[in-house]
Amino acid sequence: MKATRRDLFKFAAGGATGLLLTPAPWRLVTDAALWSENWPGIPKPVRGELRTRFTHCALCPAGCAVKARCVGDQPISLIGLPGKPLCAFGLMGHQLPYHAGRVRQADADAVRAVIAKRAANETVAVLDLRPGRTASWTYRRAMAALPRGVYLAARSSVPAVNLDAVKIILSLGVPVLDGWGTPSNVQQARSHFRLIQAEPAESRTALLADQWLKIRPGTELELVEALATGRGGAGTGLNEKVIASVANELVQAGALFLAAEESPSVLELNRKLGAVGKTIVAQREAPVPRSWKPAPVTPINSVPERSIGVLLIDESAADSYVPWSKLEGKLAPDALVVTFASSQAGYGRQAKHLLPTAVYPESTGDIPPAIDSPLATFRLTTPLVAPPRGVVNPAQFIGGLAAIDAADALRERAGAIHAAGRGSVCTYADGRSIPVEDIQPDQFWKALNDGACWIDEPGGKLLPPVLRASTPAVVALNWEKRAARGPMPPLVSKLYQESNLRVRI
Amino acid sequence: MSIDIDKCTGCGACMVACAVENNVPPAPEGVNERKGITWIRVFRLDNGAEGVDRKWAFLPMLCQQCGENTPCVSVCPQQAVQLDPATGIVGQMPERCLGCRYCMAACPYHARYFNWWDPSWPAGMEKTLNPAVAPRMRGVVEKCNFCHGRWHAAKARAAAQGRRDLDPADYVPACVEACPTSAIRFGDLNDLENAPERGSFRLLEKLGTGPKIYYQTQRDWVREIAAAPGGTERAHG
Amino acid sequence: MSHRGTLFFLAGALIALGAGWAGFPRVIYRSRPQPVEFSHKVHAEKAGMKCEDCHEIRADGSFAGIPRREKCAGCHEAAMGTTLAEKQFIDGYVTPQREVQWSVYARQPENVYFSHASHVKLAHLECATCHGDHGTSDSLRPYQEDRISGYSRDIWRAMKMNDCVACHRSHGFEKSCLDCHK
Amino acid sequence: MLMFGLYSAGLCLVKGLNQTNMDNRFAFGLWIFLDLTVIALGAGAFFTGFLLYILKVKELGAVINSAVVIGLVCYSGAVAALLVDVGQPLRFWFTFWYPNVHSMLTEVTFCITCYLTVLLIEYVPIVLRNRRLRQVPSFLIFEFELHKLVYVLAGVGTFLSFFHQGSLGGLFGVLRGHPFAFREGLAVWPSTFFLFVLSAAAAGPSFILLTTWLVSKISNRQLVRPEVLPLLGRISGMLMIAYVLAKTVDTLIWINHTSPGAGVPAWQYYSWKPFGTWILFAEIVAFGLIPALVLLTPRLRLRSNWLVSAAALTCIGIALNRFVMTLQTLALPTLSFDPFLSYFPSWQETGTFLGVVGFGVLVYSFSFRYLNLFPQERDLEQPEAAPVREPALAGRY
């Protein structure tokens, strides 16, 4: 018998009916839906034991204490300590190692060789974009050891601000409420100081300030003069009644007077108002081993033109940048510029070589006392993540040029601090604070590494700072400005792109 | 949960902390504030004045966890949205969601977000994801659930100690934990000490959706703007 | 004529049924052996160990799951028995300090939250209630995963959502999706 | 056009909905508008069926087939668009497996799918009338059986479509979050439920009238007896007038009671350009009352150009109403600090839209070419069929 077309139909129909009575079709439909739960492209978070580790945030000079929640050794979220919160940027810190623009590879040895050759008979200069660290001391030691070494700091040493004593702040465009100083301190002090913001732009601080002086761009110093002398100030675009009342206010309350830029007149006014020595005090550094012989800090302006043969720039923890135009003139015609950075964003374009560095939270180092801490402090930032292979530690590299082993510099300094026997160490895990003389050096060192802060004892009156004309009354430190130069964690898109909360500067 | 608008400085810490906690991916190319995913989103209000009289206020907006005839729950065709009777949290089930976006149309607070893109993190960053929260797939709706992963963790911790009930300290959402000015406070509305304080208001109360987020402010213009429904010319959405 | 048609019809139906019931399961699951031979029986009986000795619940209530190499190495630093499996394990993993890439039979989908702590410590469930006789099995059966959805076959055996829901319902614990989903 | 449609739909399915210009605030776009509109226009199918088989309005036998095809076209198109519109098409069956009975969308999905099958079954006999198929005896029997069924089907169909037309209205009526759309209900359904049913019923006949007229113009044949179209017009007109009245009452209630109750004075909605009060006027009077009156005045009704343009107006009116309910609702801000939103479909959306339309035109014209859509056609002696010119159709669709 031969099957006709109709039989074939019947056969197919039978097959279909039969199939419907099996799990197959239903399972396929279900699986298709399940597949949509984990089709390619949906990552699976790593499971593991949850641990808590402590470190300090190295993103800005505030150096807030950080409590990291880790799965195994991998931090999955950062948070501040109770009462000492992190800023938005700090909360994303653990994502920095994964930003797209990161540079990972370079031939460090070749660069080292070249520098060593030229260092013999040319001026070698180190530009330190965050002075006051132990690394900075290493640079100064190295430069002292080299025949013609010069140590340049991006900014001269900053006096500290004693926020507790502050009654009123007149800020010339300093983002006081938006990334300046230690956010938690500013927040707590906010209740007892009045903020007058003189700024042309409608910044966040300006709008949150008690009073906003909307001055014409570039008339900050004119305003200062007017406040000092009580005359003029028409150029600022404010009427003299306002200026007078502000000046009056400042005199009433021993004011702190902030300025974004270095200027003698600002300094003068601060002195006149009696802020210096009361609210503007000397920045104190933690003790340093006596054996360390540092080179002096050379102001960039005093470097002779076209004198630098080799310029080494440490961008690894930059908090303030020097405009390239300012450096260019100082370089010899065939100068060799090497920058230590994690991305091309900074001086990478101008430098001949870029040696990749670890980024927070991979990096190891210490954070100088915050601008709003009148007391000396010593805080380590210890790696939460292992840095990738091929990154260079600038301090060890530059130290190496002068045959200085900087690997243990931090430990040596900790030893010196312990030897001094002053102050106490506050451990974050248990929140206890122990006087230094009560613990052993290695305990002290261990505590520092496990997340602890050494704070000098408050004793003694706050010394007035040594102020040169070039000293900024108070430097504006602002992660947003810094971020404009350096890479940002991917999630900042939440602030800049997916909401209109902030605008890029 | 109660939010003090006067304390909010619009720093955005809550938004970041939330995204980190809940594995919300960073924005792909071409995402704007209308296509992005921000379970908590800080809106910027201003008093409409110009120049030095101009004042800002920041209003953190998250799912209001509506308690009475919750708009999104009733509309979902396949029970992907649910009001948890025990916690009062409005839960969104990404694995059940069809992606019809009816719930988003229904939500007057625009607190629901659609995954327009496949979730993607820069290479290596998926290691930093939070195992307590499952990443969502493309084409589904997601929203704030008061960091439910933390609630689970807290329960597990309690269980390990043989407790069934939670202490208030055991469970705090990420935004609350991160807020530098503690403008956002969190607690069980059933406890007396968490009863909304006098003068606090809720957004679009008249819609009768019974939101569980209470806002406070001393500034009249803020109250006037925040409390009034219907758009304003000086909108800053 | 017409019953000839019926014949064809039935033939089709039968073939389809066969394919659907017998053939389909073979096709849909990808099967792979576990990297190391392991006998729960031996550990339970000879060594007299209990489940929680290896599969512990951590202090924070999270579940450690399959023990990591260190834990095994705690006993098996050097060979204790004479079995080939143990020798392979020590040479292949303990000595070179490699982690064993186990395939987890009971691995739930990513969006499922399951707390062993609350089920074991509060509800006092036996492991066998969900895991069956796995604890007394003498050898590890090959791991079968669904080719399309990528989930383990064991989920379909005894750990489907319906199974959870059924039990929760019977004990009146069924509150909301968020109880078990994340 | 179809190709382009398929391509853009494919893009949306493969790359995801980021291809569209919809966003978190404008969660619904062109497609939902399309769905609501075509389904409303497709309502002609059920209503004509209802009149013909249940109320025994015999004249309508002339257009019933065409009506069924239109219905089929519209519904299948709508379903296709919906499948592209959802983020996870693979999970479509969840709605049937885990239905949430409180959701209007569930109601819609259920009814539409059921009704689509009904339409398919109704479509079968039309197919079977095809000359060549008629040679197969067993099909003849089958068809005969079906004919007994058709009354049941019509009943079921009417019931189903009555529901989903309504629930489509309910879709927005229940949006408590959008005072602009929210309406208090009669029984479990908001008033929009019934308004949609009514308006759909009103628009359906008009649309059939329109297409019939179009087709006969294009194929320059007379398809139906001259009295049929005016009849359709009259039906449409009567329903329309009812609809307009109901709508007016509803609007008044909403302005004076519902909306203020939600804390929004109604004028606020219309303070946003370009949606001034004119849109309300257009919806109710220009595209509602006027065509209704025209269709109800016998003298005008008998003039084909008046008749047709009135029908057209009606259809536009319905489309406008659907537009207001979907897009304007979403565009209006709810929070005080919301902006008024604007939205313009991306080319992928438009492509899919056109694809659906193209598909509709294609199916319809093929059915017209090979099947016997207009039984009376053969009675009215005519020259042989002229080929169908699609673009012309497409443009006017």
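List of remarks:
First chain written, first letter: the chains are A, B, C and D, and each begins at residue 1.
Assume a contact is a pair of C-beta atoms (placed from the backbone, for glycine too) under 8 Å apart; a residue touches a chain by one contact, two chains touch by 3 or more.
For clarity, every value in this text was computed on a predicted model and none was experimentally measured.
A simple rule picks the central chain: find each chain's mean C-alpha point, then take the one closest to the mean of all protein C-alpha atoms, which gives B. In terms of C-beta pairs in contact, A-B outnumbers the other of A-B and A-D.
Centres computed as Cα averages put subunit A at a distance of 30 Å from subunit B. Per-chain CA centroids place subunit A at a distance of 62 Å from subunit D.
Centroid to centroid, with C-alpha atoms defining each point, subunit B and subunit D lie 38 Å apart. A straight line joining the Cα centres of subunit A and subunit C is 48 Å long.
The set of subunit B residues that touch two or more partner chains comprises 32, 35-36, 95-96, 118, 133-135, 137-139, 236.
Under the contact definition stated at the top, the residues of subunit A that touch 2 or more other chains are 32, 35-38, 42, 45, 47. Subunit D has residues 88, 91, 94 in contact with two or more other chains. Contacts between chains, counted with the stated touch criterion, involve the pairs A-B, A-C, A-D, B-C, B-D.
For subunit B in complex with subunit A, the touching residues are 9-13, 15-17, 19-21, 23-24, 26-27, 31-33, 35-38, 41-42, 44, 46, 51-52, 54-56, 58, 95, 118-131, 133-139, 174, 177-181, 236. In the complex of the two chains, the subunit D residues touching subunit A come out as 88, 90-91, 93-94.
On the side of subunit B, the complex with subunit D involves touching residues 28, 30, 32, 34-36, 43, 45, 59, 61, 69, 71, 74-80, 96-102, 104-110, 112-118, 137-141, 203-209, 225-232, 235-237.
Put simply, subunit C touches subunit B in their complex at residues 57-62, 109-111, 113, 115, 117-118, 121-122, 175-179, 181-182. Contacts from subunit A toward subunit B in the complex involve residues 36-39, 41-43, 45-48, 71, 74-80, 85-88, 91-92, 94-95, 97-100, 177-178, 183-184, 187, 202, 204, 207-208, 212-214, 490-495, 497-502.
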